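Next, two complexes with chain A in common: one pairs it with chain B, the other with chain C.
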Partner chain A sequence: MVEAKLKRFSRFLYADPRALTLLTLPAVVLFSVFVVFPIISGLNISFTNWNGYSQSYSYVGIQNYKDLLFNDSVWTAFRNTLVYGLGSTAVQTVLGLGLAMLLVDKFFLRGVTRTIVYIPAMVAQLVIGYIWYFIVTYERGALNDIINLFGVSPIDWMSKGNRAVLIIMLINSIAYCGKTMIIFIAGLESVPNMYHEAASIDGASGWQAFRHITIPLLLPAFTTSLVLNIIGGLKMFGLVIAMTDGGPGYATHSLSSLINTMYFANQRAGFSSAIGIFSFIFIMLVSILLRRYLEYKDQQYNG
Partner chain B sequence: MALSKSDIVYIEKVLSEAKKTLYRSSVVNHKILAKEIEMKKTIVLAAILSLFMVFSVFATGQKEAEASSLDGLHGTLSVATNCEDPTFSAVNEIANRFMEENPGVEVEYVSYTKDYENLMKAKMAANDLPDVFATHGWGVKRYSEYLMPLNELSFAKRFTESILNVIKTPAGNIVTMPVTAELSGIIYNKDILKKAGWDHVPRTWDEFLQSCEDVKALGVVPIYIAGKDTRSQANLMDVAAPTFLTTYKNDDQSQALYDGTFDWDKWSRVAGFLKTLSDRGFLNVDANTADPIYRGEKLAYGETMYVFQNQAQIASAWDINPDANLSMMPVPVYHEEDTPIMIGGERESYGIWKDTKNKELAVAFLEFMSRPENIKYVCEATSMPTGFSDVDVDLRLSSDFKQYENLRTFPYFDREWLPSGMWATMRSTGGALTAGEITVKQACDLMAESYHSLLSQQQ
Partner chain C sequence: MANAKNNLKARHNWIKNIVAVVTSVFFFAPFYIILSLSFKVRGDRSSHWIFPSSPHIQSYVVALTKGNIGTAIINTLIVTVFSVVLIILFGSIASYPLARHRSKLNKFILSAFVGVMMVPPLSVLVPIYRLMVSLGGINTFWGIIILSTTYGLPMSVFMFSNFICTIPKELDEAALLDGCSQFAIFPRIILPNMMPVVSSVVILTGVSIWNDYSFQLYILQKPKLRTITLAMSSFFSEGMTNLPAAAAAAVMAVLPVVVLYLFLQKYFIKGTVDSAVK
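Then we have the complex of A and B:
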């Protein structure tokens, strides 16, 4: 009986093409365990008042979501996340594009220079944060030493919420401009030479060629950089914790670091999960919109 | 061109030879392929076998160590804490002595410092805790659900009365064993106080503010707050709050705080006090962004007068400059007729996980640590007092503390009168107050919101 069944199964495995779907089983298992189950579990916790470590909790309905709508720190964190994502994109586009244009042509030390520019992108965010903390700190910080040379008295750079968010955004941009540079180098190299030749024959100046040929054709590269930076802004955690620990107050938190603080420090696991679900919905909306936009652009160019 | 018969025969012959050659070469190819597959299989099998051998070596190695000690205690004990040096090195020395006395035992003593609390919360949620772990003042309020009662153990009868109050659950279970205890007020610099014209330490907060004014006139920072770590602001409020709300018998809010009826507008006394210090310029300029690593040197070189930390901070300052004339003063009070207090409670304190598989070993380890000579060693190495009534600890500040012997001891405000988790709200509101981001009223409202939601968690 068993033998017959085994024989039938092995025949199915080798002969029927549908059997190939079994090859997806490892991926499905991993996906379910590490993505699907945590989301469902998080959704469940967001309806409770769990403190994160007890073995028991009770359900409180949509109280956490109501708190979320009226909580200033959540909206500050949301705004900060957008600043870290979109602001970094803006700065990195300028920086990355500039560096890419400098380093796209072959010269003696091009490879070395590109590597040096890219190296900070490989360093952990926390390390970058601590190094920069000691540059911008009030007490004997490098930045204050520099402005001292010009006779300006030391400034406590990270003490004002808005200024601190701006500084963190700038540091993130400088640290990861290597990645944007690589994307733009690939984009620049994909611009066919014949367009530039045609433009120079027609008498276009360097700036006109740049504006009308290079920039439109760099749109795919720019979109890639935008997507990566928004994701980076949403994931921004190490830099925030290392430089300000979310402070002063809750002024510099990103959504990721706020979720972490709410869960561990404030012991509000239910509220933290609600913020997590909120982030999840936001990311999903952004992804859907971006995908629609890219498909539309794709049709425009290749349709 | 027409082909003759002999041509056709010749062509057929060539074709058949070619077919045979192709067939033979394909057979050879198959043979080569088969050999290659054989070889790869052997290599993979050999690799797997060697991996197994490597793992089995490790496995047998461990078993050998356990099997060799046939009598006495044996096994591995996991001990976790959040303390840093000098406490960590001191307790590590005790663990080493324990291992010397019991050769079959391996004590894995680890400190997770800043990550300890978060890690322990995650471990509690998974119900997978170390055998022995530090409770750092939260044995009753946070960890009690996971701690084994220690009432039956040999050292349970040796604690002082004041320490017993903080380590017993409402049901009467002793859940943790304090190795070092807390006895602090406010760190101050004796030389600067004298220079400012004071012959006694401030007794009320009004006197304290006046002393800050006098110190500021000397060009010294009155109070140093390392605000990048908002525990600094929170600690200031934690130390001051009892005197504003619970130490004066005619204005004792304790019951209201326990049963949830506390009027949070009264918190404006504490939040307002912090704001006053900030507004009147008694804090350092970078109070919001200074890192705690600067505290020790500020005290050591007399660049600040008051610091709201415990005795371990004095010890670190003395590491930098042993001649700094630092001491601990009692906490001043709010009401004129009240008397100053000291803050007391558990500092480095260990409990046993109630579901541990190494119960015998854990109990033996705690009882070893509780021996008077070992307690004395740790306390003197860390300059902290002890919770054991039969241990005499000789500290550099012991003579100063003699004058405060008869003062009342109160716990840190958040450990006794607030639900677990409010420390975070004290941190964030403290940080926001010194940064001028929120008003005192907003701070009170945030504390109230947190208090009610955390209290309801306990039901």
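Then we have the complex of A and C:
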């Protein structure tokens, strides 16, 4: 009896493909304990007034979510997150495409330039922020030194919230456009040369060839860089912390950095958790919509 | 005719070289500024653009002794190496069934994993911190390693399973016919074929763990355990009066990744492209 069971079990292990799913076990366990469980417990905390350290707290219903709707700093952070995500996507796409067009064909300085453009993409956001601090800071900042040469008096670049948000978005774009460039170079290299030759035989101008051959064939590269940049911008944290720490006031916070401040500085763990759930749902929505849209596009082109 | 075409091309290349120089200067400028600043003495009030006529290394000494950048680099190395090894191990074995047997359960697991790639770690900050406090994982290397591993896994599962789909299934079937047990197929047949994508996953997850700030910020609070990003931020917030030392710390934080990149450039580029395909 036991023997028969053992035999069946060993056959299951040996040849039944369902048994292979056991290989996912370590990953699934880690995933359940450190991703799924925290999301559920985060939802639970978001209905409390927990301060983050004491033993006791009480349930306050949807109070935190009500606060969230009427809290100016949450809305500012939400708007900033959109600027960081969408703005960086736009700027990086233009910069990355321009750089890719410049650096796709062989010429003397191509290799060196590619390397230099790509280096900052390897550096932590936080460190990029500290490096650029020396450039945009008011007193003896490198940028103010330059405009001083043209007789313009120094500007306190990060003192106004909206301007600081734009500057952070631009720094993010410049620092990480190397990645977008690489994706576009790979896309351009996959465009067969014969299309361009055929176009030039037919008398197409450079712009026409670019508009009607390069752009359509680069669509897959566009969509991948779009997804990467939007998600990357939405996750913005280190750069904000390094450049402004969310200030002046709460003007430059992203949702991520606001969660951090609400928890550790303001000790509003329940509220912070509610913002976390909100940003989680928002990013899931964005990524599901993006994926749907891409599948739809894919079908249009291939089907 | 051919000559004229060559001339045109040569002129084009001249223009390209000039644009390339301008581009390189622009992108290198931030690094030039921290380099030039890092070799100055404290209190030097010259412009950041002017390289010191007699470079001093005392800022580096300060950054190493007061900023503990050396210890931080070793700590970061420990966290990164252990996490990457676990990510490769758990990620690769999990990807094999997920890519090969499209059962309902496996499809569900795969889409759950890929969905998590999008989740910003900060959105679960409060519950994760609370969980790690109750597990005793605060101020431990295993605490940060387990979190870095878990949140690095989705990317590796995504890339590994995409890659395994491109390995012909006939190889598996032939091995089964030859009497290979199905658990032996992965290490014997699939894994040896996976080396190109393993290098990409090592670089991608390695760089993102090396550069992480969010998880490390909550888990590693003791000064002794600080990683590079943590050491940088505490050094910056305490020591903004000593600009050259802060710049020296930034140079040392950037250097390891850049040097590695210069040696393994081909693999870095390949990793970026691999992660972006679909």
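Operating definition for what follows: the second predicted complex is superposed on the first by the 289 of 303 C-alpha atoms of A that agree within 3 Å, B and C clash if a C-alpha of one lies under 4 Å from a C-alpha of the other, contacts with A are read in each partner's own complex, and residues count from 1 in each chain.
What we mean here is this: a residue touches a chain if its C-beta (ideal position, glycine included) is under 8 Å from a C-beta of that chain, and two chains touch if they have at least 3 such contacts.
Everything numeric in this text was worked out from a predicted model, so none of it was measured.
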Partner chain in contact with A:14 - chain B first, chain C second, else both or neither: second
Which of chain B and chain C A:162 touches, first, second, both or neither: neither
Which of chain B and chain C A:190 touches, first, second, both or neither: neither
Partner chain(s) touched by A:244 [first = chain B, second = chain C, both, neither]: first
First, second, both or neither for A:205, with chain B first and chain C second: neither
Residues of chain A touched, compared between chain B and chain C (which is higher): C
Contacts of A:138 with chain B and chain C, given as first, second, both or neither: first
Partner chain in contact with A:24 - chain B first, chain C second, else both or neither: second
Chain B versus chain C as contact partner of A:52, first or second or both or neither: both
Chain A residues contacted in one complex by chain B, in the other by chain C: 52, 133
Sites on chain A touched by chain C in the complex: 13-15, 17-21, 23-24, 26-28, 30-31, 33-35, 37-39, 41-42, 45, 52, 99, 102-103, 107-110, 112-113, 115-120, 122-128, 130-135, 140-142, 145-146, 174, 179, 182-183, 186, 220-221, 224-225, 228, 231, 234-235, 237-238, 241-242, 255-257, 259-260, 263, 269, 272-273, 276-277, 279-280, 283-284, 286-287
Contacting residues of chain B [partner chain A, same complex]: 117-118, 120-122, 124-125, 127, 142, 145, 227-230, 285-286, 288-291, 294, 420-421, 423-425, 427-429, 431-432, 434-435, 437-438, 450, 453-454, 456-457, 459
Partner chain A, residues of chain C touching it in the complex: 13, 16-17, 19-21, 23-24, 27-31, 33-34, 37, 45, 47-49, 89-91, 93-94, 96-98, 100-101, 103, 105-106, 109, 112-113, 115-131, 146-147, 149-151, 153, 157, 176, 181-183, 186, 207, 210-214, 217, 228-229, 232-233, 236, 243, 246-247, 250, 253-254, 257-258, 261-262, 265, 268-269, 272-273, 276-278
In the complex with chain B, residue positions of chain A that touch it: 49-55, 57-58, 133, 137-139, 156-161, 244-245, 247-251, 261, 264-268
